[in-house]
């Protein structure tokens, strides 16, 4: 099932650089594992902002919450979830 | 170039049913042509709302405006445009 | 799967009384059928407003959209959808 | 009497882990006692957010305030209260 | 039980003057009856706006909804309800 | 002259407990003196929030500002002021 | 006593030109009488909008409401009232 | 003096096509005259919306108001004005 | 040229009292000099808030920015600027 | 391709003065290099605020993100991006 997610990241500007680098590296690994598992089919950077627009594909709301709350950046993010249904005008491709 | 678009449709509740059906049929044809042309790679219904989330793929801002302002439903929609860049954590698939 | 829904109804104040009565009767029938089918386990009136807070239980986002967009009052409502997951502090009852 | 409550939790990202664990354990105990007492009939996690949607059942506004302001997480939460009335379309179940 | 209510009235500027006068007269009668019944202890005009701030006193949320939704101006109003508890600093008077 | 006031209190969650207790004690004394002086005829707790709804009665805007800016909690509060006029539907009681 | 007022005018774009001209003429006469009476010491146009910023000087909230609700444009305006106190840094001039 | 202006156009979807065409033609003529007069140095379409971002260059606030309120589309627009100063980082070009 | 300014001050509640007193003294001196120079013709306290409403009179946008950004409290304020034009209903006084 | 950008800067009021001066110097150098490269054709100060309105000219969304996220002040800014298309009323100049 598909969910549209917008994530806005708010890292403190004075965060310790090493802590920051480590956090972003763990976020990267986590995100890429989820992509390889097929749970994160779309991931784009919002141009000009420390934010992304994503589409995730999970079995249900509980799996969605597990995926998102497990993000290393979760404590620093505002997250907005929108459930996506099939659009009647969508063609097969 | 990719743009994230959210469209919210506000049709008058008392619109003439035939006019409405005709309008929606033209919207459908227009949208499906744009999909076949490769300009509208993603189109989802926002579950529970008369709205969609889309990703469109056009050459530049002028082509984007031409595509969106040509929508038969354009006079009835609120449209929000977000330019999308490559995300550094995105893996090749 | 559970979704939290808030619906705010905006009927034109000058709507024809018979049309209004008919619309509300059809809404009532539709809502009660969905309740009998087990798809609308919770339905409360927001005290002081022409609005409700609901929890609906459907198989997926597509079924959710079918249920909500089929409401006779759908063209007159603002709808806000929130997917609900299990809360870790919830006890069995 | 039923009240709909949305609680959004804002814990500092740099909170001491032990203090955080202790706070969450006390919140859990408090919430589960209120559930066993019959005052917190519904409790759901908002999928993807550190937030919950609840329905609480107390005698009056004073008891509501006592229940909510006693939450160990109260100083860290934004709380929104909506009084719930019986909906005329609700069927007996 | 006390509820704080703010009501904002939005009458169409081109409403028929007689219909408007009749509507306001019925609102006046309804409001004054509720005051005489002890259900509407405070009623103030928001200075400079077609709006009021009220405190109503009813048995529960269902009575609140019955009182407010019965207002002749109800279809033309935005209503915001806030449940009021005893304040610990309040002195006996 | 009557003013409707809503005060939302934002104390830092990590405030020193003694400092906090002292601050709240001074607020209590100040508020109760103003009530005894007849300047604070109504004071309610917003159920579920660290906030109050008040009606204060002072000679003019300058006295209002003196009263509110003298509150020990003033540096920690968001305050919203609404001037109240007589409502034409108000009955004598 | 001084009040800061912002008024935003929303006339229907398709209003009958004569009705509109008459309405604006009556507004002008009313406003100028209030200025001559000393009740409207400041009146500025918000550049680029059909709106004004004003300071009015009246005895109390009731007089304020009488003045504003008597404006011929009152049914077409959004009005925001802010009570003004003496600023401690103001010099005598 | 430079002002940044954002204009959002809200034409009724059911406007008479001839009236609409005439209105847009007059807007075009007015806008192009102002450009030729050097008062409207920048004019861009907001991609995907019936809106523009402009920079206008006029002698003072009164001339600004005259220019904007004279727009044939003025009754149908939301206008937001931002005065622009020289930026200290701007290089000569 | 006249500009309407609203300034909201947000001083940290735990600011060193001496630093705070010094800052406010410098603000006072700066503001009173600008008043004596004729650049700050109106200055009112927003009753009940640490905020003011002002009208300033300067030659152009650059002088406005110099005046406001030079305020000792500038780093602690939210500032909202509205350019003021002559109102056609204003009488000579 | 042109993008309209608004940047609002939020530097901590208690930032070390030397760190602040160094940061602003690096911002200045970065901004001026981008201007000399032809990527930042317009840059204005929002009068009265620590903010700017800009138009940048880059090849695509990825270049836009690289330019903006490389700003030394990026961690301290709120950035709003609006893609700009040609306006049909624009004359050649």
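Structural remarks
Think of it as A, B, C, D, E, F, G, H, I and J in the order they're written, each chain with its own count starting at 1.
Here is the rule we use: contacts are C-beta pairs under 8 Å (C-beta built on N, C-alpha and C of every residue); 3 or more make two chains touch, one makes a residue touch a chain.
Since this is a predicted model, take the numbers as computed values, not measurements.
Think of each touching pair as a link: the shortest run of links from chain E to chain J has 3 of them. Its interface matching that of I-J in over half of the contact pairs by residue number, F-I stands out among H-J, E-F or F-I.
Put simply, the C-alpha centre of chain A and that of chain I have 43 angstrom between them. Centre-to-centre separation between chain H and chain I, using Cα means, comes to 29 Å. The residues of chain H that reach two or more other chains are 2-3, 45, 47-48, 61-62, 64-65, 81-86, listed in rising order. If you check each pair of chains against the touch rule, the ones that pass are A-B, A-C, A-D, A-J, B-C, B-H, B-J, C-D, C-E, D-E, D-F, E-F, E-G, F-G, F-I, G-H, G-I, H-I, H-J, I-J. Residue ranges of chain D in contact with chain C, taken from their complex: 2, 4, 27-28, 31-32, 35-36, 42-48, 52-53, 55, 82-91, 93.
In the complex of the two chains, the chain J residues touching chain I come out as 11, 13, 45, 47-50. For chain B in complex with chain J, the touching residues are 1-3, 60-62, 64-65, 81-86.
Touching chain G in their complex are the following residues of chain H: 3, 5, 12, 61-62, 64-65, 68-69, 74-76, 79, 81.
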